[in-house]
Amino acid sequence: MSTNLVKRLYEGINEFPIFDPHTHINPQNPSAGSLGGILSYHYYTELCNSAEYDPGWWEEGISPDLLVKRIAKKLPLIHNTVQFSWFLTIADEFIGIPRTELLNPENLERLNEKSKKVMSEKGYIERLIEKSGIKRVYLTNQFYEKLEGFDCNFYRPCLRIDPFSYFADRETVLKDMSVSTGVQIKDSSSFDKALDRVFARFKEKNFAYASVSSWPGTKIHPVENTREDAVIKKILSGERLSCHEHEDHVAYSFLLVAELCRKYDVPFHLMIGVDKDVYSQGVQFGTDLVDSNNSMRGYDYLFNQFPDVRFPTSVLSDTQGLELTSSAWIRHNIFPSGHWWYLNNPTDIAREVSRRLEVVPLQKIIGYYSDAYYLEFILPKFRMYKYTLAQVLAEKIEASKADPNMLELTGDKALETAWDILFNNPQRIFKDTTGQ
Amino acid sequence: MSTNLVKRLYEGINEFPIFDPHTHINPQNPSAGSLGGILSYHYYTELCNSAEYDPGWWEEGISPDLLVKRIAKKLPLIHNTVQFSWFLTIADEFIGIPRTELLNPENLERLNEKSKKVMSEKGYIERLIEKSGIKRVYLTNQFYEKLEGFDCNFYRPCLRIDPFSYFADRETVLKDMSVSTGVQIKDSSSFDKALDRVFARFKEKNFAYASVSSWPGTKIHPVENTREDAVIKKILSGERLSCHEHEDHVAYSFLLVAELCRKYDVPFHLMIGVDKDVYSQGVQFGTDLVDSNNSMRGYDYLFNQFPDVRFPTSVLSDTQGLELTSSAWIRHNIFPSGHWWYLNNPTDIAREVSRRLEVVPLQKIIGYYSDAYYLEFILPKFRMYKYTLAQVLAEKIEASKADPNMLELTGDKALETAWDILFNNPQRIFKDTTGQ
Amino acid sequence: MSTNLVKRLYEGINEFPIFDPHTHINPQNPSAGSLGGILSYHYYTELCNSAEYDPGWWEEGISPDLLVKRIAKKLPLIHNTVQFSWFLTIADEFIGIPRTELLNPENLERLNEKSKKVMSEKGYIERLIEKSGIKRVYLTNQFYEKLEGFDCNFYRPCLRIDPFSYFADRETVLKDMSVSTGVQIKDSSSFDKALDRVFARFKEKNFAYASVSSWPGTKIHPVENTREDAVIKKILSGERLSCHEHEDHVAYSFLLVAELCRKYDVPFHLMIGVDKDVYSQGVQFGTDLVDSNNSMRGYDYLFNQFPDVRFPTSVLSDTQGLELTSSAWIRHNIFPSGHWWYLNNPTDIAREVSRRLEVVPLQKIIGYYSDAYYLEFILPKFRMYKYTLAQVLAEKIEASKADPNMLELTGDKALETAWDILFNNPQRIFKDTTGQ
């Protein structure tokens, strides 16, 4: 594979504006504010926590400044990782710090001070967005959020359903939902009604889709209303659900959400396969893992019941990569979406992109999302993807020259392909051309 | 990897005649008859069905001509796929249509008319076979088929066991078997006897092997005759079997088939891991998927009990790729066979070929089969495989130059390797040198 | 990827001394003694056994000389494998036999005679160690072994726990342990005490770690002492344990071993996922296989309960490759270790190395171990790994030139990376700097 060809393709792809269909950004406070804020992202704290056993080095609520002090000497332990490379790009592109300066732990506190100045300058956010070429940022929102004080065309809300599905029997979720919707939840039909109000309110705010991060072993099956009545009653009593009750409530919720997605004409974005809270000594958000034993078969009923609902889908495990590709190959309502979390490394991205381009109708592929917590992360993460995509396309261009079946893939056609999966497709699949 | 080396290798490999050890071709009607017939292949209908939600665009029994009308505008949605590239090769090589003409939907009806003429010309089939270099075509036959009216040396029958194993309790399978064999099936011993007659008849017709497309979770274990007696009685009563009864009947059938394979000295070809009928809105043959949770461990008893039966084996999921390779590495009676269905894409083929060549005794590897429904598909599918193989071999040639352990792989040796897995091995494993 | 760059990198890496953190070598008889001894290694007998069905060609206890007679004609059947390439390197490097001579079966008996002379010469072992550059060899030892008569700094004992965990209810394991420790095992507390004595004795002999080859489906959970009392009583009665009792005893044993690892400050090396004795016609040690359905989730409790114990971990299946990488990414006490058995081929090594280098803190990665039964195998196996590593690093060097995020990877930096994972990391993780 020619490095020049990769470079040329990358440069072409890198000029595309960014359409980011999944983030965790807070639109009212979208910047990390400092290098310390950047390093508070769990990718850094969890990698440094993993790099050496050092109990007590981190605590919940630690301030970015104190974190910088503590993490500085640990950073060299993760210099090899792609995650660290994102940090270099952020510091370089948005704060103007030469990459090599960041390699020396002794510089970090000083650079952190500098970063606070730059990142609090007037117009910093706008310049960041301009420099990154960001055109759209999808959010992750809880059912009770106000969704006010930001531009709902640029920052599009997305309704996260995990709290009232998987976590409904923890704390006061259903009571909160009663309060926020004005519908007293006491059985399945009032739960339906409350959720309908949530959807209606989100629709007013131009939300893009409903989404969920689903657990391994999830199996969607029909659940009788009377059964769900009993489950909700138990939840309201403050008891934790049994395993079977929990499965039923999750299945009921998924089916209800799918119905509302149909009613409000939005996709249901699935992110499949995370085992929550499995690591006891982890930092915040750094305690979940992937289970290689999981199958998309558990969602067949959901997909079949809602042929008119689009399901953009990500998987957490490489063992589901072929399942996702095959599902997108035959199922009309599955759209392979991005490269999530533990699969978000060049090695795994390259294999999945290559597979998808070979057998999934092109217009169904959603290339990438950043999953970012702060705007700063969008650029380096998209760059990683774009560069990997350029490598895969360069290989396909080379291979196509002597391929006995395929038409020759030209550089221009390769760029069109990239444009489709990075821009056209999410725009069409999420019906998002507002403000273009 | 040098494109020239790949090309040179491919050209060498492409000159090999084709030995195709698994198809679904009807030898009495082996051609698709038209471009519409080609596009009726489920790979096209299912991809177009998947590419956009359009209920009613397809119906069972749709004529090829009407299909062409309906599918023309959808085809551009799958231009990126390898499956579409097979269509280009078919039209180009057998009908003389320049590839670029096929890209415009408006040409399709006209080209379909043209194709009907060419494909109905006298000698078309013979020229197709000559041009493709096809030397052998294995079929997929039901127990009741007549197996007459074709050359049983060129088209070798293969007995499909799915109807009387997995589907025995649907419709009238056992009754049909009673009729077609003249043995009244009423218990396990008459079932044994009837199946023996089927094998005897197939043997007379020079059949190559028995085969099955097995479901995830299949577990072969010994089953008492008295238990099977009861199961058969229940089947004959018209009732559907319970889950456990079904498992037992499948296990009993597999073991019986293996015994008969031993008796009649033919292999038992396993194709492991398809979940049937999971997609409700699918076109015909486009409703099955792969389950990543499956293991070859369920077949240990079968393999161990029949050391003198050869088991050519395909898997449907990449998660079983290493299992298959490892099984072929240590088990003398497992022969990794081809790249099946959802694994039949260059990305997955390349990995599996590379693995197999590294650790499986060379003469055990069965390179490829087309799984074709019409003769026309054999050439493009084999070309895809051969080109991918050329890429893998080119990489190994390059790598071998500085490899501290391996002997240098010369171009000639690489071609010999290709010849072994594409021709010598299937010939030897299926004991098929008749008519050479 | 430039072959010259790969070669240059390989030559650099190949100069490193070898630190081999897992073998099955007998330090009092570390050489195979002859080519026949080399070929007695199960990799050769099992591959030849697999290559053709030939019952009776091998029997347990067959002498190396007789094996040579029998295996000579079979060897060409495995010429394509990487395992055979190790044989070539061994014969070439240590006995001075040109590689091409070994390709002719008729030479083999003569070469075997020659090998016996060379391999029994005075100083052969020392020259082998010198030529291979071996600095450290870790062993696999049973709890009753004497651990005397060899240099415990060069050959470091490692305690294998399989006999008294998975196999405790077979034969007389617990009685043997009572005898060898002087502690009469009759319940959980005496079992604890006996095992503590084993650890104490191994600690005196400078052992490196405790290790286990664990079965698919293993799930570590807390077990009450009273339950374990009952289980041990049943074992002592000579009965085989029920499935649940076995699971409990395994869990109890793992937790006990972890406690003792903490007490004696040694790691607990896990090798996850082997299905024992599944192939009935196999040669010795050639009957185990891999199960693609397995998950590291079964070990969460173990990892969480012992944050201060290091767990170097290997997996047998590619389906656990991402699990291992992700676990090492977030869990501070998981260290991905080498490429085990069915994953020990260049194709799978390349993917796993690439992944690990991208997202696991560098200093946690243990590059490779040979798993060798004789000293002769260490060199060719490490060479295979080193060459594959050189290929991966060459790709990363090339890619880094235009990478928008990563710092350029220089050749020197790549060699440092290799040095870390091959030498520094095992030295630090196993606290092994004695005698350096």
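First chain written, first letter: the chains are A, B and C, and each begins at residue 1.
Here is the rule we go by: a residue touches a chain if its C-beta (ideal position, glycine included) is under 8 Å from a C-beta of that chain, and two chains touch if they have at least 3 such contacts.
Quantities reported herein were computed from a predicted structural model and do not represent experimental measurements.
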Relative orientation of copies chain A and chain C, as a Cα rotation angle in degrees, nearest 5: 120
Same or different residue numbers at the chain A/chain B copy interface, by half rule: different
Mean-CA-position distance for chain B and chain A (Å): 38
Chain C: positions in contact with at least two other chains: 1, 293, 319
Residue ranges of chain C touching chain B (in the complex, touch as defined): 1, 3, 6-7, 10, 14, 46-47, 49-53, 55, 77-83, 85-86, 88-89, 99-100, 275, 278-282, 286-287, 289-293, 317-319, 342-343, 345-348, 380, 383-384, 386-387, 391
Contact footprint of chain C on chain B as seen in their complex: 1, 293-297, 300, 303-304, 307-308, 319-323, 325-333, 351, 354-355, 357-364, 398-399, 401-407, 417
